[in-house]
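Per-chain residue numbering starts at 1, and chain names A, B, C and D are given in the order in which the chains are listed.
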């Protein structure tokens, strides 16, 4: 029971953070918080404005999509979250928004190159972009297939979701994750800033090359390597 | 009488929302609220700043443009609203702004392609843009002819105003509508966001193609189809 | 004496409006208010942050640049204001800012075409841009020569400062004016919005043509012609 | 002791200003304040959010990088600050941010041309951009080598850090400095605005030429020359 309360509060707080970080207008974003032990996650109810949310309004579901607790309908993107929790072990929070710079890259169906250290501080790889979903998958179970599409993209490219915590769904927008709901929103804000910087960079010079490999590696390791020395730990 | 009070309050609230959603500077936008039974609509008075508006300052008119109630001059765009209420049955609110990204597409006289699901969530067609009005029509009755131009554009393109709730008037800017005044402002904000995303998308790749038809249809139907499953209803 | 008090208060209020309309960071903008009867204008003191201004800190000068009242040094741009009040009869307020979109057009040394009705509502001509000032004029009396450059630009192009209330000084930025200090700041905000819309328009289509002449004329006349019908008068 | 207190307070205040001027999201920026007499500087602790900072949380170090006072780990960029204080005599404050327009120029590895007087008011030279750091230097002592790279760039280009108070580190972002911590943040905000104006200028005309030399010189001298006449001194 305490776990459920914590999950609801974490999901609630993280959903409000979408608004604070300006990552969506109206209700165009949702966050979930996952507890691997109980196999349950809390997610935003569908179509409810952020300023009407309460911890109690969060919906609790298991990984088969059964509602464990909650009176409202969960986010229409719930099955995408469900697939990612099932397939990407270790993640405890997922964020989906329609933040405009990330959407621009998704609509152009282009991965975001590692143009600088802001990007490298959060990942050594370009931000992957999926293919468009085929007509069969769309007809079948759209939101579940969106999850499958992301998982497949990571498998095909040999990416590790513990290192690459962001993806662009072609023609749609970003999903980001992390070891907490709060961290997944942080990655949503980071992605938006990286996408903005990358567009501005191409405006200064459309021929810009990615950052040299040795600088990418250095920036990643000073924050995430075995000898990381950023922050207070 | 109660109907009039409700209309004035709805129009007042919706006009304030223009400012909250940052869709116009100074007085560059107006909203009206329409009641089909009485055939009366309430609209912003001309040139009055948003923070000086009150529900009482709204002007009530019938569909022939006669003032039913109100001491101030109605918006200079009143006749455009009037034509749309007369011709587009079922709409109950209209919003006009000069929001800069929508104006950019209108000034370039280009329809906005369906580049992604943000657009498809609100319509399956590109946002139409009218032609320039001819010299005769301008001389005749400019604001009324603006309404005619929009209606004609929808007829020529075979568009249904219940499905396509937005238009760009060439060289001018956006008009949006909906089943309430509040909804028409919502569509004004959606249009501005779609127009911004579309410009950013073209910056990432000027050759970007529209979203595949089957994904457009899916997104529209999950929100507006007979089996819609977005939101709490 | 009352005139001076009014001028100081008008100038003070209008300088604060620069900040509210986001037209300058730090102290990068100044407004003056002019009384044609006494031939005196009040202007922002040089380099003082907006939140430290008071009506009393405004500096009063005559059209020969003599300080009439005030303990602080006037804006370094004072002589430009002085020339414009002397040469452009009828204007009672002048605003200078470094608002970024207007500066972009000034730095590119390009006039802003009339791409739409937002522009036509405030003028029927493109926003003029001066030439660069020559080395002799710069050495002579830079700020006074900036005024001369603007006046000369208007003469060469046959422009009427009562109709075209904005100018871009090449490589520098915008000066705007009006029949009050408040109106000159309004024109500063209008110019910034027009310049932003024009840049966005060129991004949608770099080949965009100006608005047809008959629509430009209509929009100007409905706000400023003999039969103007915008607003409450 | 009083010197240390003053340094901590100056550094604390200047770090908060990063947030107020919107120069970084989350913890992506740091400021230090230096006292040349004692050879000690105060700097932001690593990874601590701005709203959790206190004057007491600032870390004091000497120019050999030894902690003089403070319980937290200093900014991971500390050694870059240390090199600049050692090599650029006269500077008393340094700011590093990831402000997006400055980062765009750094990622494109392009110096920012002097396109206008906003730039010339703060320096007569283009904003320099370093080369990428080589693999050896990255392995050796990354943050110290970042300082060396900046110093070397200034030597190779014959630039005077008292006149050019800004630099772009290729692929990374801006460092700015001044005769106080507050002044270094001011230069950070100025650089961001100049970088934004320069990108917008290239959008109006990609062929834009720099401002003529005689206007650059005039603007610099009216603010910084022996006969400067801007401001109240």
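Going forward, a contact is a pair of C-beta atoms (placed from the backbone, for glycine too) under 8 Å apart; a residue touches a chain by one contact, two chains touch by 3 or more.
Computed from a predicted model, the values in this text were never measured in an experiment.
Trainee: Quick check on the contact graph: shortest path length from chain A to chain C, in steps?
Mentor: The fewest touching-chain steps linking chain A to chain C number 2.
Trainee: Given that chain C and chain D are copies of one sequence and touch, is their interface built from the same residue numbers on both sides (over half shared) or different ones?
Mentor: different
Trainee: Using Cα averages as centroids, what's the distance between chain B and chain C in whole Å?
Mentor: The answer is 33 Å.
Trainee: If you average the CA atoms of chain B and of chain D, how many Å lie between those two points?
Mentor: 47
Trainee: Identify all positions of chain C at which a residue touches two or more other chains, and write them in rising order.
Mentor: 203
Trainee: Which chains touch, pair by pair?
Mentor: Here the touching pairs of chains are A-B, A-D, B-C, C-D.
Trainee: What residues of chain A sit close enough to touch chain B in their complex?
Mentor: Residues 25-26, 28, 45-48, 72-73, 76, 98, 100-101, 103-110, 132-133, 135, 138-139, 142, 171-173, 199, 202-203.
Trainee: Which chain C residues qualify as touching chain B in the complex?
Mentor: 21, 115-118, 186, 189, 193, 196-198, 200-201, 203-205, 208, 211-212, 214-215, 218, 222, 229-232
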